[in-house]
Amino acid sequence: MSAAATTDAFLERAPQLLRDAVTGFLPEPWRWIVNGIIAIAVILAVFGLLFAFLTLAERKILGRVQNRPGPNRAPTPTLPFLKFLGKIRTYGLAQPFADGVKALTKEDVVPRDADKLLHFLAPVALLAFSILTFAVIPYGRHLVPLELDAAVLYFFAAGASTELAVFMAGWASRNKYSLLAAMRALAQLISYELPLLLSWVPVVMLAGTLSTTGIVEAQAGWKWGFIPHWHVLTPWGFCGFVIFMVSALAESNRSPFDLPEAESELIAGHLTEYSGFKYALFFMAEYFGMIALSGMAITLFLGGWRAPLPFLEFVPSYAWFAVKLITLLLGFIWIRATFPRLRMDQLTRFAWKFLVPLALINLGTTTVWSLMAGSTALQIARWPICLALVVVPFVVIGRTLSAGVAPRTYRYAAS
Amino acid sequence: MLGTGLIQGLAVTAKNLVGSFHDPARYTTVEYPEVKQKLPEAYRNFPFLVAENAEDPMGTLRCVACLICEKECPPQCIYIVRERDAKGKVVTRPKVFDIDISVCMSCQICVEVCPFDAIKMDQEFEIATASRFDALLLKKEDLAKPNTYYHQIHPKEAAEVDAILAEQKAKAAATKAEAASKSEAAKATKPASATTPSPAAPRAEAPKPPPAA
Amino acid sequence: MGPHHPSTHGVFRMVVTLDGETIVKLKPVFGYLHRNHEKLGENTSYLASMPYTDRLDYLSSMTNNWAYAIAVEKLAGQPVPERAEYVRVILAELTRLLNHTCLAGFLMQDCGCSGTPLMYAFREREYILDLFESLSGSRMMCNYQRFGGCRVDPSADWLAGAKKLTDRYGMFLDEFEALLTGNEIIMARTQGVGRLSPELAINAAVTGPMLRATGVNYDLRKVDGYGVYPRFDFRVPLGDHGDVYDRYMIRVLEMRESIKILQQAFAGLPAGPILDSKSKNRGLRPKAGEAYGRIEGPKGEIGFYLLSDGGANPLRYRVRPPSFINLTILEDMCLGHTVADAVIILGSVDIVLGEVDR
């Protein structure tokens, strides 16, 4: 982590100060190692808890959308002499822990013919790669666990490696149905890698760096004092952001792209042969992927840890990051509550015939934008041009793809 | 336009989410068993036998063991054995009245066909039991409940039944009084005649269909 | 696809032969819920069979009761007072609302909406079920119609509650349509899937919304004009393509027409007896003969064929179950589609296993 500038507010420097208080006395190589371990532990703890409460939030929000409370009966654990603890109403906050206990205590069933090493490694690998991606996201002004020059590349490389683990899971089960399902899941993941990657190429082009801290730096400042320079507030940035979020939905197997893992009608999915803790690990990896991709979206498009308005800068940067992260995650949940699933072929067609062309055209739009960054007149002119370049392909390609599908009017019998 | 349908859907979902916090029509869960919903009066579950008197339920059952409900019950879940006195003559009381509630389908036909308003539908539904056989055969003792209980669970219906029964009783009493005075008069005018036909003992009124149940 | 699967509409099994992802052969296997309904009918009196009819299409017990009552009334020659006819129409249309709402919810659930439309649909159903409970004593197993009328006279309170519900139902339908009908994903999932041609539908004796979605104008409420339906002004929606989307939309449009019928029925409900004074229910022994009574149930034409020899029990008791007959063309509709589509097609046929298996 970079050294704290002493001009920052106290809250801003608080994590640094805390860490230095604990490790400041250690000699040099040890201090670096212990700082690293502390960073890892903090990330695991914070995002582990976030995952737990995210599952709860999802169930409660889904419940509220469906006119019912979510889980609200999970009691706190009791001991024989502390029975009163069980009577406290937790409003469901104890639910994730109850689920964790259930996952841990379930019997771990491994099929007899399964490839034992791969069967064990698959969830481990999946989780490992998912957590690796957390290393390069800047959570605050001085809170990047690892400063890399090619941070974005590293992030997506680690993220793409998770797909290997999905296939490992299907293959290791020695069950032809889960193998087929794993292949379908892999097809979905690979199809959506391309729009995912293409959507941030414009960002890197304009920011001029692959480093996440650099990209956040590039989004500094306010236009006319109140419109931040976030990438999402430009036509190409908005298009890129939407493509990125849709691909992120598909990459983390979330509704409406969750056919591989939903109660698949015939095939039970690539996770059939997993029970108990390993299943919980898969689940955790999916949510970590969601959180990591949201974090990356915030870094690339939403200005990272930057405040939206100048007078709001007194709120520490990690708080802003948290607010944006939670907003995006709530958006994921909202989408899950509303939309039905896409069929497999519709899914892949959507990726290849709609998202990829749009992402490629977006590259062109960004080039136009950056080339017109000269005088003020050009800067004003580039807005309608780039907006047209974003909207027109969207409408044209959308119309061609949904040619056979339209709302219908019905006739009534003439009697 | 593309995507507008999706956005409309998102708007509806958001409306429900926000509405669930302040609008009771959008948060319809009744958190049973802490909160119980009020049942409508007409709700029916399993039958019970009406006893006039709460202190002596077995002795004041309205049931006369006419066996009509046993015959009409579709799944044949009622089993009645008539009481016989010491000489073996039938007494209008049931000795055994069993209902197998694992068979009963709560169709209410027994209530409809009973001419004496003796069997009515109960509203108890929290009767889950762990015993598979014994607890699911309700005997006369379990089935008998007083008329006051009937008033509690079906107030309007019970009031109607009471009115009808009172009317029947009044009519029966009037007929009896008339017959008694007639026989008095007949005895007075023809003391030696033995051919005066004595009027038939007043019987209960012909079975009337019970009020809308 | 075994008897227990998540998109279950009851215990129903489909033996599906696949080529890659597409279906080349589909054999439905049912009978898991067979309860000897028709044989039981031969050994039970006419009145006692009434509660058994509740359990055929257990989502729409009022219409099952009505069809059976019509059959027995034809057999025994019993008239029905006018008020009872109106009340029967009201309850039948409420049942149609119940059934179509349930279908809309379940079809969307099969498409993959994680429960949201299902919960909205069931929230509205609860209000109607509460109405049925306060009228007949039971939400689903109503046992309400009798030969010659209805068992209970609905009170003014009940009618006011039902009227309020009807007036509010249009708003719920609007919200439901806003959520789903214009939804591009739903349209992409359901349009063009499970096409049924009108000729095949007629040849296979398909009835109900499934038939009307193919474009064939056949609604028993207009064709037979039973009860007091000819007095009401309502339209029959027809589809053009016969695919899943059409079947879903026809049902939504039929719900709107049902609301119109209900409003007219509430306005025109006459006073009078609810049960014909000379009607005989217990111990009914119709003269020897046969009768077939049918109505337009929510799923299609539900009919009862009764053969009497003068005794207390019918000699032969036969049900024409619409779900069973509509299921016979499942294979033809599913060929060439994927398994995910087969689930949606099955959902759009709208079966209830109680009726399929009896």
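Letters are used for the chains, namely A, B and C, taken in the order the chains are written, and counting of residues starts over at 1 for each.
In this text, a residue touches a chain if its C-beta (ideal position, glycine included) is under 8 Å from a C-beta of that chain, and two chains touch if they have at least 3 such contacts.
As the structure is a prediction and not an experimental result, all values here were calculated from the model.
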Key: Nearest-to-centre chain - CA centroid comparison   = C
Ask   = If every chain is reduced to the average of its C-alpha atoms, which one ends up farthest from chain B?
value = A
Task = Looking only at C-beta pairs in contact, point me to the busier pair out of A-C and B-C.
result = A-C
Request  = Between chain A and chain B, tell me the centre distance in angstrom, where each centre is the average of that chain's C-alpha atoms.
outcome  = 62
Task = With chain centres taken as the means of their Cα atoms, state the distance from chain A to chain C in Å.
result = 45
Message = Centroid of chain B to centroid of chain C, CA atoms only: how many Å?
response = 31
Inquiry  = If I count partner chains per residue in chain B, which residues reach a count of at least 2?
reply    = 2-3, 5-6, 9, 12-13, 16, 28
Ask   = Residues of chain C touching 2+ other chains?
value = 116, 120, 123, 179, 181-185, 187
Query = What parts of chain A, by residue number, touch at least two of the other chains?
reply = 65-68, 337-339, 402, 407
Request  = Provide the residue numbers of chain C that touch chain B in the complex, in ascending order.
outcome  = 44-45, 47-52, 54, 116, 120, 123, 126, 130, 133-138, 141, 143, 151-153, 175, 178-185, 187, 274, 281-282
Inquiry  = For a test of understanding, state which residues of chain A touch chain C in their complex under the given definition.
reply    = 62, 65-68, 255-256, 258-259, 262-263, 265-266, 336-346, 402, 404-408, 410-413, 415
Note = Counting only contacts in the complex, chain A reaches chain B at residues 61, 64-69, 334-335, 337-339, 394-395, 398-399, 402, 407
Sites on chain B touched by chain C in the complex = 2-6, 8-9, 11-13, 16, 28, 39-44, 68, 72-74, 105-109, 112-113, 121, 212-213
Ask   = What does chain C use to touch chain A in their complex?
value = 1, 5-7, 16, 18, 21, 108, 111-116, 118-120, 123, 179, 181-189, 191-192, 217, 219, 222, 235-240, 245-246, 249-250, 253, 338-343
